[in-house]
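Next come two complexes, and both contain subunit A; in the first it sits with subunit B, in the second with subunit C.
After this line comes the complex of A and B, so read on.
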């Protein structure tokens, strides 16, 4: 009997142990809690992944006694997946890195880890993360009283051009919208069937220069006031009409088709539009600082030199004390880094993020992908940068940056954004010949009609 | 002390006996619990009497548009030939999207379309704008509003709304009540968002709530939603969404609990810069994976390429381009629809029980991101002793009213890469199996219950194990 008891006990203990190591369905695998393992899921798109790999290598080099093991999950569509995973509380990584989206709604649902301790931590001796950020983005990650996200990158977005083509044809880089319009006529008339612009109807990067024209006309203060969304009246800013008038003048033929455009631009995705540009089918393209890196595998060495031009100045632009138009840069900063509230290894995630927000790591980021980050570091001594990257960084360093950051509850639950009810207005302006004033009026009317009900919902 | 020891022994024995219940069924090879010795019917089932009555809904979004719609100057495609073309593709229903000012006018294009649809043997859901807001109207008013077409034989009901926020459910429920009095037997058609839409669009923090609230408030006869997982990074590198099966799981579980079928829209075109047009294998992957979750109706998004979609590239179009040309997807759909039509009377006799997942032995990562998001995968089936598969595989488990088991075994590897899947299933209590592959039945003898088959990319085989 004693032996039977012993045998039963051994069997029971073995069974309990076995249960503990059985991996159940869902493929969860081993927990990362309290380990040196991190899982980082990120958008692998225009800027690639080398910057992140370099950060991890640098972290391990700096922590030889406590290296981390990072599982990287990169996907060009990761942004769209993050929200679903957070809602499902399933397949959560320790760090998510995504493109501009309404991550604020995740914070409002309690799905994100507050990062206030990270913001208060030192990223370099005597320098906190908050100190290190440029003033314009210090509220980037703020929802309510806490910070939940860190901006991934900054940049220069506007109109890129084929410098090789410009030099060969003797075309001057325009500094005003009027010069840009004249240049389009020149390009259209030139031999070689080159279109002034290649652009993507599906990605609609026309926002990049259009927003800069809007801010040039209204001034930075008014542009920033728009994003307070204090009343529907902000949607009637004249600069919005003026900016769309520039787009109309450049692109809308008035008969439902586009002008000054490479064939099929309306149906192209961003890669196809960029391909047409680097193949020399168009001289210019609305785009951002990622253009060259994203297309690196498709550019024959020596075949093309690309540059970003400072966005040509709109008529009536605000001037500075020197009487010159204020240089503005549409940073398109909005890509973000977050930690899910239910992440398995939050502490290690924060430790890693603290490390990568130093001056040295910021420079490493820029060196690896060509984009700046919205932090106070110098890019002047970063080596091995292409002419395109240098042109973007020159604009970034020498302009006032425009940031789409808002603490308005309406913005954070996505009731309002820069183009409410339309999404983006460019398609209807081309195909349905809607005028800029009509577009702006429609948006204003929509917001005005919804305002009181939104206010009631949000209390 | 002796009594205490006896009690403890009894508890220990009970725990040990119950341990197999905690077995988890995933990752490479699954081992079914038990020996399936329950009430396994003998002999093969016969569903031949259901050939005409059990028919899968195979529909399409966007019927042939009428001329100059929205001032676009397009030709008039509302012709008999165009509706015959829908039927030729194997669809049995079509959804009208391009509404006209007054579909009830005696000479309206809607009425013509319904006549052509009837002649072609298909039904049509009419889009009559304003319906979804008619909370204050009477059934009599609605009948007058649709007087000239509501009795036409092809009129299946109205496309009331697409992808509503849950905030609209209360009003939609009111309209539906009035509608059903006005048009008994006709469908108040609503299509819902996918999980990927997020709370901003669905109006609910949890997708489960978006679905459950729809079911509880509208008490629908079926649930329709869209789910488009075929992505591209822009360079042509294919990607899949990670929540595709998660979405199917939520809808399947909730509709099963509610006792209603579900339909889904399958992606038949590239509609933006991040989505891709499917080839034959990918289209088959979409449809058979939905069937592994018990879908009872599939609809193509789209049938006709929407006129307002940017550009006109055939590489992104639906089954029919904006200007009326067939794309390769038309032929792919036609092929697969013929498969479905050949055995839907069998499949529809079965009720979905759950779906198992198996990471393929050739999956070097050991992980499938779609599997990782599932909350309630079926751990095992008593009828399946074991299963091994080279590629990631899903197995929908079904049962008919007489207790026959059916399994929809699908090669879930991304069909873009065109990898065959060698699957070996050992059934309990099975001497043979009826395999429906591409709609055609084949009876195979089993030795020791073992059924081996190689599934083509995206292919799903419906297998009924038979005990003599």
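After this line comes the complex of A and C, so read on.
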């Protein structure tokens, strides 16, 4: 009998403790329901956090009678954490800001707050959030009939170059792929053991120019049709082969190694590759608008000037009404802002988001981190920007933006992406000497073989 | 008098009960939340449809199709890479750890320095450690390449770099595991050796046995329980190794240094949790009996003495 009591007591104590632990996990700190407190969890990476701090300061300056207290939780790994927290319904912030991922699956599970009212609200007098967005991203947040996410940033990604080096050696910025190939030969032959490109085999930023070449060849409409994933046939687009052929001619030596590249590029992570570029070991690097901010601690002030070049035009590119190739920019936009369905202070979160999507706040964002947002505002009068940022913004303002947006369930659950089966194909093209046509055919065959299984899962 | 004693006994029993409950509460909670709940959740998740939530074998079928199909080369390579970690851990890393620990115990010249050198990596975060390791083999400023070039062995350097060459990248992960993992083993083994009574060593020395004989015939049998534990732990690495390849090579080039755990993690990062759960379940079903079998075999050879 005594033992029974003892056992019951132990079990009771264990249960109480277990409940306590579970209850503690449900939230963090005191409740924010109905208060002026917000919790924002965001990816603290290339662009830092100053833009977010400035937004909060501006909000409080504009609402002196109702200032908000914001707890900021920045982490480079935040994107990976969001899904887990939403699934666990635990440790939920009022706003999550993450990098490109298939957040649509969270919306499908009913874990996100619909933002249709926010899209319809005025962010500036007479201008709704939907009006304010550039055309290409208006469906960014759409899943089914509702909108659940707002795109965070826009940008420019392609090929950055060392302007100081280009000026000193009289190299011209190439405007076509043919000129780029000639320039690579010139750089390789020049004294000083400078490689044309520095790049990372572990984070293949070659996607940035390659996707632009693909869209240049196919045209924006066909490029966007690819992302509908209507059938496996889209994987056979000729533009994919043509774009990979440019990569092959620039980088693949044909004997399992890379040409026109800094030593050991296949082996490097993106920071090592960027370090090599900053140190002048290479003249160009496939990269994005965040390069300068990410490497700011490694660039000696006044030592080098870097710029982003408009992606050189591929032979056979689609032309506009003026007969000139259409200028395209791979925005690499995909970072998102969401509010969890179970967030404690959803109304204040929406009010804050409405405020930060005005013309003035968009300009403030660009001023603080150098990146544009996918909204209709002018960046011309923003001062104190570096030459690199200005070059990225010029490309952004004067080009048609490419966005990887898809309403296809296959894309939203991540069964397909632009490079299925292989992942990014650049490694096998270099080390296994696989031709662009083989790569594209293999991807097509893979998708074709899996299509019925995926269709069965997704109904 | 009797009533007072009974009351006192009762009080002691209640106190004991509270003490036992408090001591047991944490492990029980931990077990219930982080093992039972998580595992039941994973089993359910592995059968869940990502869009409808219905239950079925979809992701098990996808796994099987990939494993046996034309496009499963990366997955098959992943399994081979992971399996290689078993002989590496148990027949290369563990013997080297035993030798290193024995030499430290014998107080060879510079043993204090070596003790720090071996143990130092275990105290540093794996993120920092992998970065240091990468920098050591960096093509631009890494000391390893500079040294090789200086001694005229530059041709040994792989043209795509140490981490970017298919035939080398998995080997580099093993070299890293050796460099960073040996210290942990050495600490445990040194502790086990130091518990062996000195009389046994002295008796051996009187009989004139040399160091090699002493290590093989005296030390190894007497620290066998520690070694068998490390052997079992070394075997589990087959199913758990992911941070090292993720941080050193990102599983590349072309998936040639991917491991089972990294393969599962890549699904988690792609928010394909159902697929990750199904893949994890398959490997657990294979892995648990294998590890238990290894444990049983190791116990069978366990000598009856322990230090």
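Following the convention adopted for this analysis, the second predicted complex is superposed on the first by the 432 of 459 C-alpha atoms of A that agree within 3 Å, B and C clash if a C-alpha of one lies under 4 Å from a C-alpha of the other, contacts with A are read in each partner's own complex, and residues count from 1 in each chain.
Convention: a residue touches a chain if its C-beta (ideal position, glycine included) is under 8 Å from a C-beta of that chain, and two chains touch if they have at least 3 such contacts.
None of these values were measured; they are calculated from a predicted model.
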| item | value |
| --- | --- |
| First (subunit B), second (subunit C), both or neither touched by A:279 | second |
| First, second, both or neither for A:450, with subunit B first and subunit C second | second |
| Contact breadth on subunit A, by residue count: subunit C or subunit B | C |
| Partner chain in contact with A:91 - subunit B first, subunit C second, else both or neither | first |
| Subunit B versus subunit C as contact partner of A:380, first or second or both or neither | neither |
| First, second, both or neither for A:81, with subunit B first and subunit C second | first |
| Which superposed partner A:409 touches (first subunit B, second subunit C, both, neither) | second |
| Subunit B versus subunit C as contact partner of A:105, first or second or both or neither | both |
| Subunit B and subunit C footprints on subunit A, overlapping residues | 5, 9, 12, 22, 80, 83, 87, 102, 105, 109, 201-203, 256, 264, 266-269, 272, 413-414, 427, 431 |
| Touching residues on subunit C, where the partner in the complex is subunit A | 13, 17-18, 20-22, 24-26, 28-29, 32-33, 49-53, 58, 61-62, 65, 69-71, 134, 137-140, 158-166, 249-250, 252-255, 268-273 |
| Residue numbers on subunit A that touch subunit C, as the complex places them | 2, 5-6, 9-10, 12-14, 17-18, 21-22, 80, 83, 87, 101-103, 105-106, 108-109, 201-203, 256-258, 262-269, 272, 275-276, 279, 281, 409, 413-415, 421-423, 427-428, 430-432, 442, 445-446, 449-450, 453, 456-459 |
| Contact footprint of subunit B on subunit A as seen in their complex | 5, 8-9, 11-12, 15, 19, 22-29, 44-45, 73, 75-77, 80-81, 83-85, 87-88, 90-91, 102, 105, 109, 200-203, 256, 264, 266-272, 413-414, 427, 431 |
| Residues on subunit B engaged by subunit A in the complex (per definition of touch) | 5, 9, 12-13, 15-16, 19, 22-27, 72, 195-196, 198-200, 205-207, 231-235, 237, 239, 241-243, 246, 272-274, 308-313, 316, 357, 359, 366-369, 371-375, 377, 379 |
